[in-house]
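Beneath this line is the structure, given in structure tokens, with notes to follow.
Each chain gets a letter, A, B, C, D, E and F, in the order it is written, and its residues are counted from 1.
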Amino acid sequence: MSISNMEKVAVLTEALPYMQEFFGKTIVIKYGGNAMINAELKQKVVQDIIFMKYAGMKPVVVHGGGPEITAALKQMGKQSSFVGGLRVTDAETMEVAEMVLAGKINTEIVNLLNRSGVKAVGLNGKDANLTLAKKHLAQVVENSQLKEVDIGFVGDVERINPEIINMLLDNDYIPVIAPTGVDAVGNSYNINADYVAGEIAAALGAEKLLLLTDVEGLYRDFKNRAGFVSTLTFAEATTMIAKGLLDGGMIPKIESCVRALAGGAAKAHIIDGRLPHSLLLEVFTTEGIGTEVVKKGSETL
Amino acid sequence: MSISNMEKVAVLTEALPYMQEFFGKTIVIKYGGNAMINAELKQKVVQDIIFMKYAGMKPVVVHGGGPEITAALKQMGKQSSFVGGLRVTDAETMEVAEMVLAGKINTEIVNLLNRSGVKAVGLNGKDANLTLAKKHLAQVVENSQLKEVDIGFVGDVERINPEIINMLLDNDYIPVIAPTGVDAVGNSYNINADYVAGEIAAALGAEKLLLLTDVEGLYRDFKNRAGFVSTLTFAEATTMIAKGLLDGGMIPKIESCVRALAGGAAKAHIIDGRLPHSLLLEVFTTEGIGTEVVKKGSETL
Amino acid sequence: MSISNMEKVAVLTEALPYMQEFFGKTIVIKYGGNAMINAELKQKVVQDIIFMKYAGMKPVVVHGGGPEITAALKQMGKQSSFVGGLRVTDAETMEVAEMVLAGKINTEIVNLLNRSGVKAVGLNGKDANLTLAKKHLAQVVENSQLKEVDIGFVGDVERINPEIINMLLDNDYIPVIAPTGVDAVGNSYNINADYVAGEIAAALGAEKLLLLTDVEGLYRDFKNRAGFVSTLTFAEATTMIAKGLLDGGMIPKIESCVRALAGGAAKAHIIDGRLPHSLLLEVFTTEGIGTEVVKKGSETL
Amino acid sequence: MSISNMEKVAVLTEALPYMQEFFGKTIVIKYGGNAMINAELKQKVVQDIIFMKYAGMKPVVVHGGGPEITAALKQMGKQSSFVGGLRVTDAETMEVAEMVLAGKINTEIVNLLNRSGVKAVGLNGKDANLTLAKKHLAQVVENSQLKEVDIGFVGDVERINPEIINMLLDNDYIPVIAPTGVDAVGNSYNINADYVAGEIAAALGAEKLLLLTDVEGLYRDFKNRAGFVSTLTFAEATTMIAKGLLDGGMIPKIESCVRALAGGAAKAHIIDGRLPHSLLLEVFTTEGIGTEVVKKGSETL
Amino acid sequence: MSISNMEKVAVLTEALPYMQEFFGKTIVIKYGGNAMINAELKQKVVQDIIFMKYAGMKPVVVHGGGPEITAALKQMGKQSSFVGGLRVTDAETMEVAEMVLAGKINTEIVNLLNRSGVKAVGLNGKDANLTLAKKHLAQVVENSQLKEVDIGFVGDVERINPEIINMLLDNDYIPVIAPTGVDAVGNSYNINADYVAGEIAAALGAEKLLLLTDVEGLYRDFKNRAGFVSTLTFAEATTMIAKGLLDGGMIPKIESCVRALAGGAAKAHIIDGRLPHSLLLEVFTTEGIGTEVVKKGSETL
Amino acid sequence: MSISNMEKVAVLTEALPYMQEFFGKTIVIKYGGNAMINAELKQKVVQDIIFMKYAGMKPVVVHGGGPEITAALKQMGKQSSFVGGLRVTDAETMEVAEMVLAGKINTEIVNLLNRSGVKAVGLNGKDANLTLAKKHLAQVVENSQLKEVDIGFVGDVERINPEIINMLLDNDYIPVIAPTGVDAVGNSYNINADYVAGEIAAALGAEKLLLLTDVEGLYRDFKNRAGFVSTLTFAEATTMIAKGLLDGGMIPKIESCVRALAGGAAKAHIIDGRLPHSLLLEVFTTEGIGTEVVKKGSETL
């Protein structure tokens, strides 16, 4: 890069208003998709999180892990079936999912962060009863009728107990959270990480929820990539969910944003994690990347 | 049980001197062997740990997991070779070991404790850089010569960073620790849980280290089960190690005890985990079960 | 006792649910009657209180002392007269009562506790203005007419200032309280210890009030010891008081329980202090001993 | 008093240097003699202590009570014998002494202070094991030979545990301390209040020990009231004790001062408690009243 | 002075009720007039403030400085014009005013206090944004019409940010405050110190506002010094302001008192600062000097 | 600037190592010269200080003010004479100097910082006795003889009392300090701001002292601007001072650096304040600007 030192310090001072705005604020980051697979992107996400930490924010990381679970099951010769996009999860599958999420992906992210000079601590839904879960009721259409199907240990968030996260944040640790849950009798559940991130943002009253995805954001006409939506109001988002206007992959993202805002978070952003440093781009530049969901707004769909 | 209520309260008051002695003290428990496999024993160990907690102690649990790692590797069709009793651990094996230790056994113990009304939190060597490790130098005799062999990601403890444990203890959590470690460049290592427990007891200046094993304790003549040793002094223990007088399985146990005492722990105990409630028996009754290693003592071998 | 160590630890784990239930809770104990006279019972009460302390509870002891006051007055050649069961208390009598309560019984209980390894501190109503009192209005029937009689320095509780108790509890001391009070101009009063205990339980929002008595509990027909009442609701208790259905000796006990519950305590128990370890029996076993007064209940009289 | 308001505020500002000097400092006051008997003097001592408290000092009161013990024993028809000026104290006598000291005099002083708007708390040697005692070895000369005589429960201070005093001072209470002690097996002892005050001043590292007495101070020739000593150095005081140059009544006073200074107190004063407001006179005016014992000094005897 | 030491300590104990009443309370002192010019008075004001501090109060000093500003402007050859008693303040005049207030008078008072053994810290309206100001709207009558005139950087208090004062008080410092303010864009303003003191008393919920003036207090008929008013109720004061019954010089004094009381202060006093020790006279004697404004009162005008 | 957002975030992450290195560290900035006169530079210095604050550092600002003092004196028609480069400072001159430093320059810097969203508080040497001073002994050569000359209220630092600075830093304020001092009897002194900054860096154990100057740094041959010195060791610096090898203007700079390092600061830098953002350039880029003085170093002169 041929940027002079003078230009560099000018860039730093340009970042100052953002540092002032977000100082001491909690930022929940849903980490997943390409940004978790591509080694270079991975390193940049880690840098972004550490930059946030040293700029005085309180980042909280929630990660997914679907592809790695699939790979591990395959290696063990276990076939997965899906219902409505959700993996049918028997006890053995859940055990593998938990091992991969809490014992592999989580430890790897913690490791990457710690190698770069912060103190990260891994959590999963069982630690201090962080994520209480209940069985997800999957529904399929069979003979034109809506029918409930038991797909095993796939869960919804029942309640977040944020004390352990707050204790870690107060002591300058970065919590890294695997999206598992546990019910009252001790069963483990695999939960969509988007939902876990949304609920944690709500429980913490976070300033921002940042969802790293593999898309540019929301389009009104997703197939033709037409009508890109930069800002969506809470009301518009709930309407789109209710009316079924969202593309399948977008549903958990937008629902996560809605949940975060309903619970007290200030803003939620769907960000294209395929861009290097997309987190810093979102937080520290004027360039609104991706789609933001805000409590109130003037833009209409 | 036909014990009357009057007898019961008499038993409680008999426990009082032990409660007074250990109030506020840190007790490190190495949890492994049969006590981790047998469902009934498992439940009793959990009760014992919770009893300690409510009687004012600060229990810290370190667990092993060798048999479960073997099972998982087998399921994945991966063969293990051993050198001097240690599993040759390539990167893939280490990944499986970490998943099993941090993602399966650890979460299960945390879960059992939390279901019984305490707040447990799982940790592994990477969390807040808890366990810094270095490669273990394995030695084999080849052609009558001692030779170093690289057995991969098998580690020794380089340093324990106990801050995260202390923070959890100060906030009334029970830390549950998987015996993995990490080196300066981020490699993961599998470490014998006995050693991790000993080093953690040392780093915390624990009152007691309790090693749950599948033997009654130390015999001078192990094969014939003759000459049971109730108390071993620090000096005797180090002599036995130096002179090679210990049976193979006993080496890490006694070395763990020695390390704990050298680092500041007050006492270390090798306990028969096959007995139900062996932890409470050791802590709350006069019956000295197993073998204790103490800093000074009058008994000679 | 021929109880094996295995049976002993089983007894300990049986006590665990009670330890969990009462951990950190304040328990007010009215200490009096035989349990304060019989040397063996005395020692067992001390053990019970210390056990509670080490099991994480916060015991507060309020003691009586009528018989010892009578003995001291007799020794000084001073005759007592009684009106409605209450000692007519002139200034000189009050001085003796205060010396016996604050200078003899209180110091003895403090001493017994401290000898057993806790830190007890004696208080009386004057310390930090703990117990503000007003003159008790005694009533007698004379010529079929209710008439007020001045019986001197016999007091009712006007207000408890619990700050000094809370400071002691927060610093791990056991407060031992003599049942004297003081009015705004500095006069001392002798107050029934049952009432002081009830008011203190109320002021502290205690979990339990335990009244050690010399009876088994409440009978509907006290003379014939028929119709033993295990549980009494608050409503039933207040009705019995209002309708005059209580035996004389029971009135202050039941009124004390009612006052404690009205002020915020969770439960109150009338316990037979003649049983050894009656406090532990009540708190740590399923055996409901004596009579409990609860805020709501299904049993009717 | 015909002092104008202008003169009054001038007097206040004259007191300012003393307020500055002693702000936040601990002052131990031995309260006894006439100042504890004469009602008017009593009230003035209370005012002085409260003034000190509101001027930012930390007063600690230690009181005696010999005459009242004598009176109580007499009332009970119990004769006292004395050996070397010390009362032979059997168990019954000790019980009376403890009742009078802890249950009568102590509660009365606490009461007087509390009525005037401070928060005083009474303590005796048993509270939180404040004053650990051992039997005093009395010596008499018999047939020109020094012989030890057992005079019962008369004690010397073995150790002061000042934690309870410090906790009270830190929370703005005024501790009022009865001069009893307790040994390791729970026996009570009556201890000369001068010694208790000296030891407490030492244990607290007090700024000043103020001994209220019924004399003007120390005379070199006591009988003829000649050679009044305003200032005595530590060295001179120890010499006088060693050489037996002190009048009987002065021995415990001077020894108390020596003990306070040896243990870390800054200054000790023997004050004539028969003067109204003698405490304030000593602390807040230039008029050196009585005899002070200082660590170093230029005056020689 | 021929006051004996005995009389002196009697005076001290007479002050005790006032020390008890005002212990820990915040007292805002407006320092100005003769008491700031006359060297002897100055020294006595300093003594009074330090006495208050050592008697447990929390004094806060707000000073004026009009005459010194005039002198400095004159020295610089700058003429001042006045509109309705207020100095027309251009930018250059404001710069001089700020230098004199914050750089000369303030540092001198801080210095005087610190030399006498307390820790004073100077503040002005810019420090931590203590005094937010807005331009004062001056009005003049021109051709029988009320007209607004721009008199430059003369300000009114918009808001007090008392955090910095509270931090200083909590750490035992005495804040000394110059009466400047700052608006949202950084302009400096000169504000009448009476108003600043009143607003600070309100913002701190002070116990007392003491305004040192060069008059005896309020007279109903000021010119003839007739009808001295000792006590004025809040209602009376507001009425007098509304009806224009106040002499010009009295307006800011009474308005300051009204503002202090409206904002939560308990009492406000207009004191004759020409009397030596007038602050102590007011606070520590029964002699009501000057005029007090109270929330409620029985006296009518 | 045509730097893309992607480049900008890359610049931010490049700053991360510096943010990590200096997080929580104290940085003392001597602010003076052109950077205090030029409006644009002024604004950039303010931005730099605020950036440091939000990046987790603890900036402390010490400012000078010679030119403004000269201007004010001139305006008042007061002529200055100089001895050895130091202004002869009579009482009147000192009064003007103090007004300008504490009342004008200091309030202006505080104002600039506060307008940009931090909380700055101005201090001068009198506040809480921050800077204790003694008279500077000026020496002149007269008739080839070294002679002491009294140049009035020009001071040297006697001692810094840093408590007030630490309290402000702990509460997230930025202290802004005028270079005045006060002696034991209350005389004010004008002190070279370089020395005050060096002493404050020493007293705080600062991480860095940054001296903003109007030169590029130190040259071995200053006149010809030859032999620029990037790094100077402590030993070299002291040697240059001792041997008189420094150019006049450089003496106080280098002496200030030496004093800071001797007192515990880690590094000191002489920076060219004429460059925009010179503070950030120094702290956040690899470009070593100016001359640094370090405790040890390999470069030789």
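FYI, a contact is a pair of C-beta atoms (placed from the backbone, for glycine too) under 8 Å apart; a residue touches a chain by one contact, two chains touch by 3 or more.
Here the structure is a predicted model, which means the values were calculated and not measured.
Engineer: Which pair in A-B, D-E or E-F has the same interface as B-C, with over half of the contact pairs matching by residue number?
Structural biologist: Comparing residue numbers across A-B, D-E or E-F, the repeat of B-C turns out to be D-E.
Engineer: I'd like the Å distance between the centres of subunit C and subunit D, where a centre is the mean of that chain's Cα atoms.
Structural biologist: That gives a centre separation of 37 Å.
Engineer: With chain centres defined as C-alpha means, what is the inter-centre distance between subunit D and subunit F in Å?
Structural biologist: Distance between chain centres, rounded to whole Å: 57 Å.
Engineer: Would you give the residues of subunit E that are in contact with at least 2 other chains, written as numbers and ranges?
Structural biologist: Residues of subunit E never touch two or more of the other chains.
Engineer: With chains as vertices and touches as edges, which is it: line, ring, star, complete or other?
Structural biologist: ring
Engineer: So if I start at subunit A and go to subunit F next, what's the full loop of chains?
Structural biologist: So the chains, read around the ring from subunit A toward subunit F, go A, F, E, D, C, B.
Engineer: Quick check: in the complex, which residue numbers of subunit D touch subunit C?
Structural biologist: Answer in residue numbers: 72, 75-76, 95, 98-104, 106-107, 110-112, 114-115, 119-124, 126-129, 164, 167, 171, 173, 180, 182, 185-186, 188.
Engineer: What does subunit D use to touch subunit E in their complex?
Structural biologist: 1, 3, 5-16, 19-20, 23, 44, 47-48, 50-51, 54-56, 117, 275-277, 280-281, 284-285, 287
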